[in-house]
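Both complexes below contain chain A, partnered by chain B and then by chain C.
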Partner chain A sequence: MPVISKFFEPDSIAIIGSFREGFFGSHVMIKTLREAGFKGDIYPVNPSYREVLGIRVFPSVAAVPAGIDLAFIMVGCDTVPMIIGECASKGVRAVVVVSDGFAERNEKGARLQEEIVDIARRAGIRIIGPNTAGIVNTANGFNPCPYEAGYSKIKEGPVAICSQTGMTNPQAYPYADLGYGISKICDFGNKCDVDECDLLEYLGNDPATGVISMYLESIRNGRRFLETAKRVTPRKPVLVLKSGRTPEGARASASHTGSMAVDDRIFDAACRQAGIIRLEKFSELFEVPKIFALQPPPGGNRLGIVSYTGGVGVLATDEALKYGLAMARLTDDTAETLNSIFPGLGETPVDLGPVAAARAAGFMDLYPRVLEAVSADGNIDCLLNIIWSNSSAGESEEIYLNLYRKLKRNCPKPLVTWLYGSSLANTARLARKLEEMGFPVYSDLEAAVKSLGIACRYRIQVRRKGGNVNDPCAD
Partner chain B sequence: MTLVLTEFESKKLIGKAGIEVVETRLARTCGEAVTISKEIGFPVAMKINSPDIIHKSDSGGVKLGLNDPDGVERAYREIMGAAASRHPRAEIQGVTVQKMAPPGIETIIGVSRDPLFGHVIMFGLGGVFVEVLKDVAFRVVPVTGKDAREMIEEIKGYPLLQGYRGRDPVNIAAVENIILKISDFAEKNPEVVELDLNPVFACADRAVAADARIILAAKNHVNL
Partner chain C sequence: MPVISKFFEPDSIAIIGSFREGFFGSHVMIKTLREAGFKGDIYPVNPSYREVLGIRVFPSVAAVPAGIDLAFIMVGCDTVPMIIGECASKGVRAVVVVSDGFAERNEKGARLQEEIVDIARRAGIRIIGPNTAGIVNTANGFNPCPYEAGYSKIKEGPVAICSQTGMTNPQAYPYADLGYGISKICDFGNKCDVDECDLLEYLGNDPATGVISMYLESIRNGRRFLETAKRVTPRKPVLVLKSGRTPEGARASASHTGSMAVDDRIFDAACRQAGIIRLEKFSELFEVPKIFALQPPPGGNRLGIVSYTGGVGVLATDEALKYGLAMARLTDDTAETLNSIFPGLGETPVDLGPVAAARAAGFMDLYPRVLEAVSADGNIDCLLNIIWSNSSAGESEEIYLNLYRKLKRNCPKPLVTWLYGSSLANTARLARKLEEMGFPVYSDLEAAVKSLGIACRYRIQVRRKGGNVNDPCAD
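Now for the complex of A and B:
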């Protein structure tokens, strides 16, 4: 078993820190782990405590009566080198340094960080951190979040989130509310040792992970990054958001992480060579993977659009072309079917506005026939459906849900949805229900179209490279 | 410590790497310049050859389109005169006499060293396209044939290479081939700090490098 897997699949962990109750710390970590259903052995270590949450506390790492796969260190930064030394003597190979006060703080902290790296290297220990709280493996209930997040269980699924910021950790992002599932979460913190390449390698081989979404501020080894990513991208999509896209941003990023500024033009070239999909916004780290997590891969790039307004249909068309999608032309059969439902309806984008206005109450009876006809059209590879959640939400909501249930069984094409309407509560409720059913709903129209575009581009890229995608995402 | 190779030395290395270079010979005297120009055929171009003069045309060290022996003699005297007055301490090895480049579209192929990724290769169209519009594409060395093709297609000026307003398309495969060979050259020679083929003329039937500059990280003399 490679050492990196001990960070996610430990059978036994030691937690070295204070067990005083509060909203942050070792005490919370043990509570979260238990609530999340972690079954491995937990060994709290602190000479001043006897027991915490009914678990025996050991006075030192050496006193733990069994082997330790992974140690969490949450002590003052000056004590960290000593504790890593104790871990080394105990034969621990994987350590997460939660403590802060290292390179992110000042010169003295930077020297301290070098010292712990040095001790770890000599002992063959790998470190994640320092200054990190984030590791999660949903498959074994391993959620050692040291913050009170208000939840501990995260739905299992194919999306791995890796990042160089705490902004993607369970205390900062509402994982429990997501409609899609997560495989692993990892926050590198100061990234003194374990880095993006180690994680790419591990997640690339992780059968539970189908898509990797990464936020990076720096790259430790450009060549290794390129070579590792090249091996992973034919098997699963790798999405990367990198800060520092402007020279000013690059300088800020370099000083934040204490590493070399990355020339964005060169990084972009490397991504193209490696088959990495670059993201542009923080929200995309979570929005774009949904299409891979929830929907089947598109068979081609011909997009069909069903919309309640012509304007939005045109906006979607503009976006679609930006991301390499082509506007589908309906087959004669579909056009005829639609025209028989309402004259002039048989064209993409399919504009429901006039029908809704003309048929008023009777419209929702026609609606399912329209979407079913369009989704079954042989000229359409992927579909954007724009839903208007009207004020009589209760009735129409049921019609939408029934229709989507049917599509889930019958439609082998990816379908993305954007919802709008006069009530935030109604649209949010319907969005959530659709996502729980397995249909990605996007916060804005452009994100919905872009995700489809990215899914198509990835599909084409894999085909060209002759790669073998076993689609762990699509069930 | 870096070593700047002269155009003559750089072209020799590039030629050995299998890249087509306009015929370039070194003349140490005015008489030699005339003899060489007769042998390679008029019109010719002449350029100062000195390890100490990098910006040759800014220093009055380049004369183009010389059509006869008189022109060559006059150009020789002017180039040498300019060099003596503007770069009195420069080591002058002579002038290169070169065949005028064939008509084509000016492109640039270059290599530099990125601190994170190592050798990177650049492709773009020459002149204002690279200077003002920065219309260039990069890849990390080594590149594949697919990478080379994508670099060419990536630049905004690509339609110019495909032939526009009735002009013949250029031989894109020949440009691709130079990119691949330069990538190979950079990979085999880690001491290359910078390499510029500027311009490379992309023509309907071939692609030819008309100027070359190589900078090496080197302490000592390099055997050519």
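Now for the complex of A and C:
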């Protein structure tokens, strides 16, 4: 097993910290680990404690009476070199330094960071951090979150989130509220050692991971990143949001994680070469992977749209072209079926507005026939369904859910959904139910279309390069 | 009173329709109007009914025993010309044609639309529609929504929403859930007569409206639109989302509202000339006006950022520059104050991460001091506050609310907020409370920054052109 695996699949961990109660720290970490169901051995280390949360505390790393796969260090930054030294003597090979006060703080911190890298390198130790909120592996209940998040269990699934910040870790993002599942989470922190390349390599080979979503402020080794990404992207989509694009942003990044700037145009060209998909917004780190996680890959880029309102259909059409989708033309058969339901309905985007108004309450009996006809159309590769969740949502909700259940069995095409309506509570409830069923629902119309566009573009890219076209997110 | 005012301020209305119960139609319209508290006279018209919802129904428009300021027509499209003829005989000057089946449907419908325009023009009648979900005026409880929306009352405020689609009307957008207030809503529909220029003119002079947000698929008269906008934009911000930008989108638009395409580059140049602010996404129709509605105008473009996480601070910095904001440098005094709270805190973006982790529970006592110091800094014109709503949100929530209450009294600078955290329910609750207090909270980091950027850009534009720099949204 390569050392990097020990960060995610340790059988035994040491936690070196203060064990004070509070919303942050080693005490919280132990609590969260136990609640998440981690089955490995936990060795708290602190000379001033004898027991924490019913677990024996050891006075030093050396005193732990067994091997340690992974150590978490959460002590004042000045003490970190000494602790890493103790870890070296103990034969520990993987260390997460949660502590901050290193290169992101000042010159002195930068020197301290160099010192721990030196110690680690001599001892064959790999470090994640410093200045990190850590790691999650959903497969083994390994959630050593150092912050009180209000939950500890995260649904298993194919999406890996790596980030040069703690803002994608469990304390900062509502993973418990998501409809799709996560494989791994990793905050690189200052990435004094383990970096985006190591993670990309590891996640590229991780069978539990089907899509990799990354937030980066810098690239440590451009050439290696490019080479690694080239190997991974034909097998799994790699999505990257990079900040520090402007000089002011780069300056802010330097004092956040002590990062060096990289010219954004060069980075962009490299991404294109390596097949990396660049993201533009923070929310896309979570919204774009959904389609890869939940839906089958598109067979082509011909988009069918069904909408309760023509206006949104027009907006969606503009967006679709922007992201490389083509507007499908319905087959004559489908057009005929739809026109027999209501005159003029057999056009893309399929505009339900007139028929909904004309048939009023009776319309919901027709609705499933429309969506089924469109989804079965041979001219359509992928679908955007725009649902109006009206005030009598309770009544129509069951119809939507039954229809989607049927599509899940019968429709091998990716389907994204945007919901709008007169009540936030109603739309949120229906969105959640559809996502739990395996259909991605987007907060923005534009995010829905973009995600579908990205999924198609990835598919085409993989085909062109002769990569493995099996669904990277298949069960 | 110009005729156009009768659409929003009628003393008496006729509703010509079927009065069948259901989620759409004239029956719903009467119900909604009464629940919303409309005090004018309502005259239902239908030869087959004698009473609906306790109101007397008249067999024809002619039979109504009083003058009619405004008529709503909701009958089959073929009958619409006849009814408009009856309205003409009765001396009605304003008609809303809710019915569809006109230019958006087919050639026959297009001819029918020409016919009603002819009849109306000869009689001096103005028409909104056909194919429209209608109008709202919050000032007089005038909400003749023809769809069951689940609510009828909309908070009064300065934001006017006009749209070439019903998707911004009460049945489709959760106005009851919004923190800011609305002045008028209008769906132009096919805009066979009253169009975006008429609305712009009317809303430009409407004292209840401080900011105008429009969705358009086409412009009926480019020159007039430009001239009207030039008069309005120095007094009130005009925000426009235009679809049908691509040929495919324009084609979809033709079958939605029977619109003619307009070259997007020409439209863009015209907007710039006229001081119109272009939007890019559907959600921005509602998210961007919030800052104009709720916050004081910025004195300049120097942005201060306070964030719980450095990573988001870096992203926000990149975005800020994109929208013309400049990163503020703290005054020496503020830097000193912050550095005395925690070493290194006195830098923009102000990164609370390290101090929050170090002080843990005690941190919330420091928090107000940080935000107050930054908001009072003379080098800062406007503020982005990024709040981490942690799992113990209940405890910190009161601290945030008290602090914002204080800022509302003391801080004359615009402040936008982005919330993130481990629970959707917690972040949504705090967001709602802050918005109710008058502080715009955004669903996306990028939307928060962009809104602030747009507010600054508008302010600068108004100053440069010597327009009225009084706050257009002041009470």
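By our rule, the second predicted complex is superposed on the first by the 459 of 475 C-alpha atoms of A that agree within 3 Å, B and C clash if a C-alpha of one lies under 4 Å from a C-alpha of the other, contacts with A are read in each partner's own complex, and residues count from 1 in each chain.
Basically, a contact is a pair of C-beta atoms (placed from the backbone, for glycine too) under 8 Å apart; a residue touches a chain by one contact, two chains touch by 3 or more.
The structure displayed is predicted, hence computed values, not measured ones.
> State whether A:Leu226 touches chain B only (first), chain C only (second), both chains, or neither.
A:Leu226 contacts chain B only, not chain C.
> Pick one for A:Ala270: touches chain B only (first), chain C only (second), both, or neither.
first
> Using the superposition on chain A described above, determine whether A:Val262 touches chain B (first), chain C (second), both, or neither.
First partner only.
> More residues of chain A are touched by which partner: chain B or chain C?
Touched residues of chain A are more numerous for C.
> Looking at A:Pro234 after the superposition, I want to know if it touches chain B, chain C, both of them or none. Which is it: first, second, both, neither?
neither
> So in the complex, the part of chain A that touches chain B is made up of which residues?
These residues of chain A touch chain B: 219, 221-223, 226, 260, 262-263, 265-270, 272-273.
> Using the touch definition up top, name the residues of chain C that touch chain A in the complex.
For this pair, the touching residues of chain C are 20, 22-25, 100-101, 104-106, 147-151, 163-167, 170-177, 215, 217, 241, 243-246, 248-249, 251-253, 255-257, 280-283, 309-315, 317-318, 320-322, 327, 343-344, 347-349, 351, 353-354, 356-357, 360-361, 388, 390-392, 420-427, 443-446.
> In their complex, what parts of chain B are in touch with chain A?
Going by the criterion above, the answer is residues 114-118, 120, 137-140, 143, 147, 150.
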